[in-house]
Amino acid sequence: MLQVSDITAFYGSSQALFGVSLKVRRDEVVTLLGRNGMGKTTTVKAIMGLVETGGGKIEFDAKKINGRPSYETARAGIGLVPEGRQIFPNLTVKENILATAANYRNQAEPYSIDDIMVIFPRLKERLNHFGNQLSGGEQQMLAIGRALMINPKLLILDEATEGLAPLVREEIWRGLAILKEKGLAILVIDKHLDSLFAIADNHYIMEKGRIVWEGRTSSLRDDAEIKSRYLGV
Amino acid sequence: EPVKIGMITTLSTKAAYLGEDIRDGFQLAVDQEGGKLGGVEVELMVEDDGRKPEKAKQIAERYMKKDGVKIMTGIVFSNVAIAVVPKVVRDGVVYLSANAGPSMLAGKGCNENYFSVSYQNDNIDEVVGQFVNDSEHQSVYLIAPNYPAGKDHLAGFKRYFKKEISAEVYTKLGQSDYAAEIAAIRAAKPDAVFFFLPGGMGVSFIKQYAQAGLSEEIPLYGPAFSFDERLLKAVGPVALGVKNGSQWTHDLDNEANKQFVAAYEEKYGRTPTLYASQGYDTARLIGSALKAVSGKVDDLDAFKKALKDANFDSVRGSFSFGANQHPIQDLYIREVIKTDDGQYTNRTIKKVFENHVDAYASECKM
Amino acid sequence: MADYILQVKGLCKSFGAVQASQDLSFGIQRGHIHALIGPNGAGKTTVLNLLSGELQPDSGSILLNSEEINKLPVHKRVKAGLGRSFQITSIFNDLSVAENMALAILAGRGHNFRFWKNAMAVDIVQHTLTEALARVDLSGRAEQQAGRLSHGEKRQLEVGMALVGGPQLLMLDEPMAGQGAGGTVELQKLISGLKGTTTILLVEHDMDVVFSLADQISVIVYGHCIASGSPEEIRRNSEVQNAYLGEH
Amino acid sequence: MILFIEQLLNGLQLGITLFLMSAGLTLVFGIMQVINLAHGSFYMIGAYVGATVTVFTGSFVLGVMAALAAAGITGMAVEILVLRQLYDRDHLDQVLATFGLIFFFNEMTRIIWGKQPLFMDMPVWLKGSIELLPGLVYPIYRLAVIVVGMSVALLLWYLFSRTRLGMQIRAGASNRDMIGALGVNIKLLYTLVFGLGTLLAGLAGVMAGPIFAVESGMGESILILTFVVIVIGGIGSVRGAVVGALMVGLVDTLGRAFLPSLFRTFLSSSYADSVGASLASMSIYILMAAVLIWKPRGLFPSYN
Amino acid sequence: MTSAIPKTVIIIAGALFFCSLPWAADYFGEQYLISLFTRILIYSLAAVSLDLLIGYGGLISLGHAAFVGIGAYVTAIFFHHSFVAEPIAGIVAGSDNALLVWPLAIIISAAFALIIGSLSLRTSGMHFIMITLAFAQMLYYFAVGLEKYGGDDGLSLYSRNQLVGMDLNNDVHFYFVCLFFLTLFLFISHRLVKSRFGLVLRGAASSSRRIKALGIPERRYKLVCFVIGGAGAGLAGALLANQTEYVSPGLLHWTLSGELMVMVLLGGLGSLFGPVLGATAYLLLEETLAMYTEHWMVYFGPILIMVVLFAKRGLFGFLTQKE
């Protein structure tokens, strides 16, 4: 569904990505792992069209999407939960959810605000609060809810469980499993390896802007050497 | 080597058209002689001061030091003149004012090298003061912006108006909404209103005054500044019938004037304003002096003497310089009319002062 | 009796209809790591904000070293010995990483109305900067503008700046968030190395970290403190399990 | 007493006029968070084009429509050519660029229309006055300005608080990248909204044409006033802009109307005139400083 | 990024240029350049002082002209009173001694900055811009109504101040005095922004939340910065009054504040030397374009826009290729 081939990216004059390639298939959960500052988020931004790619190609549903504005990518069916939440501070919770909600590809059962409230009951009590009045975890919930509301085919979660309480985190992992069942493709960046191993199929590890390892869950779970070399655990 | 004349004037900002007219009037005189004045080749340099005193000063400095200019003119605004003139005349430049005539330069601050070819600012108000004083109106409501020129102009009016001043109101400089002042006028019920609100302030005021339905009830009077032909275009019919004071009108019956008005209309396609007439007169005055000294401006004293003789045909008719080198001239009351072809202009209705001398002449020790 | 560095009594704070703190009372013993846990939006960050002075309590009192600090503004509380990190990263984006750290080092040391000498050349900066950066693994990034760090690197800096100030009571708001799997391990070591010398109030959702570091844990739910005790006690508390821990 | 009521009404009316002028700025500056110093230029463009077309066709309505179109289209062009490149830069870059635009537009109008003010009259059907109270006559045109101003206020309020478009604009102001990544064509949206903002400026300009002088540079005098209005009311709040405008209108009018006579009760008359007039000139700035010292984020801060 | 020029090279080139200008002007017989560049130096001083506020303190002031104006008026009023030999307010004697008047101009501007700053610093961001504007406009209207000192007509000085060992009426002497003060102020500012105070200031501009959490009462630092900026502007005002031998309320008007801000931005925010470049470019462009065409603004405006679009950090940033 998503195919990234050999992309490079720059911030000003410093290069952040040196030829990154990865694939995400339908109803597959793929992770992107690596230490801080290795280029995971940059890869995600490149996919979303938020940083320009120097070379390479990004295809989604067999259509080239790099070089396209980010809104087209989103409409094509990629939903992003960005790192650091980035909810809209000057909109209320309700507005945050509704402002960008859309069913671009006429899905049969689009998400409604009520569905989000079922997933995150906490938000229901805060509907008329401004984004910046929420606790960190509440903001995270909002960011996830907001991404679901555009009814994506591929969901990208960049550290989406940061700051969530253990129970909620479990909830999210369970939720992702269900979404995967429903045919959603998922690309996750997260530090909770054990939880990832439970749901993910494929893993990519990045270092200094390059993919240095890729493989199935089974091979990564047991490879202490790789984990310690690239992830520090 | 042509004689260089440095014109510093206002060609940008809201007041840009004033400078434009002065320049065009001046240029007309030069063009009529084919690039000469008084038979002497001249080079006219023109630069925009943006209505900023320091910028004007900078230009003057360059004219003097870079171009060796000895004759300057063109400044529109009194505050710019006050900033520039004292310095340049000290440095031996002859400055001829084609518009601003601040009292400071007419009285204590007068200078041998400074000539006003236009008027002393108050003249234009004095004539209205005298006219209204002679009329049936018993009380007048005065209105002007809150800055020295505003006060000077009202003082000029009061110098000759001896009846009741119903109120004296100072508004914010650059104000555009006059509803509050107009309501106050309506409540005060004066017999007449005299206002000095130059430029856009006047346009807004006259429009709003008429819209409030007051123009039929309480007549307006003012100096010529709000009634030149280019502003009248913007004010339109609501100014009709308003009487204002001036030293010049395009219908003054003298040869020089007829020729000037026709030539100006021909060249620029618009009726000249009093600023244009001042620019033209300034050029012609310079021409007369250049002729007298055969273009030798290096002999400054001779040149100044020739200027002082004012041996030229002013478009105003009689024109001579007083002791303070400001004009001694006739002053008129005019009325705004609409011509047959739909233009708004002024018509002279009365000569109020003959050979009028300004009030500051006696303070000048030269 | 235990030696409390900080005592909180009857602290209340509400935002309109939201009661973020309801009659909270607890004490932190000198030298302990005291963890504050609870569901999202329970009011943990609010407690830190009340302690640090960013928010004013509706009622209740805060005693630092047995002195009331309720009325003090933020900066005076810092002088009195409080230091903190933020859950929502709050570094100096326009400054370089080294300058961020230098500022944190200098802040607590004498006044800063010194107009002449280059700040980076001050002795204390020269002595401690390198180590302070190394501690949070940012040595290679010293000259980078902080706003251009990756998210995780920003988090490292955020915590690093709080650590360097040398407060009596250090309040860390989710220091592990964004640190990455390996970073979490490192930071955990770092904090445990501070044990005994610095008192720490730790807000954290990573339960492995909390249970291995904390001497004392308080659990907040809907602004109430529902339990307080040793890690073992808390782990066994069924109310806590239901409200927060789940199967943990 | 009638005079006082009339001055009160004048104050309200000036306030609404100011609101009309601030409306576009509320949109662009308050809500999109774009600092557009050239806002006054669009006000001027509205007035110039409106005046020209009104005189040429003899129809005020056509004049208004032409003014709206001219201001809106120029606005969108400016957005696309200049401002669009500057959103993710320092806010102050917008100051420099739009400052340059002021120079350009002011001189362009002088080149195209000449240096003198332009004529613009009101339509016959809005001429004249009506008697609101015995002894209190009021120009119809000014009442029309009040009506238009109120309608614009309602429209804006509805747009921002009640529509998704409003949410998206506000969201774009706080985080452009994110709103784009969520499927909103923020570039287009901003171009359109900026155009709407300048169109409203044009509307204010053409409405002002018959009462004020239509001249090059007319935008700058009004620009500062409208900034004052928005800041008093609280940046980003339509309600705030309305309240701010009314306060400024009232304080300015009542200050001009009554301060000098107030001072005359205990100062010599000429001194009172000048002190009173000076204070009246300063009154709105004093008001703004006082409001900000009391409420540092304006009367109705949009969020905290 | 091949065309990047090291910062020091630009600064040394600039210094050489300004030092040799009077001789060069003399050599080419263009003496008027000396007074033009004197003006440029003075505006540079004012712009650098504003850069201290905007570029380092994050204090976007749209009322900076107020302090220029105050410095100028103090100078002019003292001069006026010594000229007409009448004590100020019947108490203090006037003076035309630079050593007395200029420090006074600085102190009084700084005092006003202290008052205005302490009130304005309650606000931040856009509101700070507007409240500083408000105070400056109040002073502007005050000056317009100041009949005793000419109101809107302004006040002429008729001569420059007296400075021992110098003849300020000599343009070259005066030029070097201005160059000296600009250099001094640049040097002081340069030390200042690198110092602990400067670091705190920049920190406060970047995140006021964090600076407080580090135990630093940010407002005091910002206030001191505001006062230093005000003092610099006051000095510029005193020099400007001498240069033009004239002061008027125009010096306090928001348009001058705006122009100063544009000079800072044009040169490059937060670079100290940038504003010098900005002021030079701005005034030179204004001067030369106007010599060629009456419609100079039609070119001037788009040039400013081009600079914004193509030079990311102003002219200085463009030359040094600083990102």
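Every chain is named by a letter (A, B, C, D and E) in the order it is written, and numbering of its residues begins at 1.
Following the convention adopted for this analysis, a residue touches a chain if its C-beta (ideal position, glycine included) is under 8 Å from a C-beta of that chain, and two chains touch if they have at least 3 such contacts.
Everything numeric in this text was worked out from a predicted model, so none of it was measured.
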Can you tell me the least number of steps between subunit C and subunit D, where a step is a move to a chain it touches? 2
Touching subunit B and subunit C alike: which chains? E
Farthest chain relative to subunit A (centres taken as mean CA coordinates): B
Report the chain whose mean Cα position is at the greatest distance from that of subunit D. C
So what's the Cα centroid distance for subunit B and subunit E, whole Å? 36
Subunit A-subunit C separation of Cα centroids, rounded to whole Å: 28
Between subunit A and subunit D, what distance separates the C-alpha centroids? Give it in angstrom. 44
In subunit A, what residues contact two or more other chains? 133
Overlap residues in subunit C, where contacts from two or more other chains coincide: none
Among the residues of subunit D, which ones contact at least 2 other chains? 106-107, 110, 274, 277-278, 281
Subunit E residues touching subunit B - in the complex, by the definition given at the top: 30-32, 35-36, 39, 141, 144-145, 147, 150-154, 156, 158, 240, 244-246, 248, 250, 286-287, 290-291, 294, 296-297
Residues of subunit D defined as touching subunit E within the complex: 37, 82, 85-86, 89-90, 92-93, 95-97, 99-108, 110-111, 220, 224, 227-228, 231, 235, 274-275, 277-278, 281-282, 285-286, 288-289, 292-293, 296-298
Where on subunit D does subunit B make contact in their complex? 2-3, 6-7, 10-11, 13-14, 17, 106-107, 110, 114-119, 121-122, 127-129, 137, 139, 141-142, 210-218, 221-222, 253-254, 256-257, 260, 273-274, 276-278, 280-281
Taking the touch rule as given, give the residues of subunit E at its contact with subunit C in the complex, in rising order. 191-192, 194-200, 202-203, 205-207, 209-217, 221, 224
Listed in rising order, subunit B residues that touch subunit D in their complex are 11-14, 16-17, 20, 146, 151, 168-174, 176-177, 179-181, 183-184, 187, 199-204, 207-208, 211-213, 230-231, 233-237
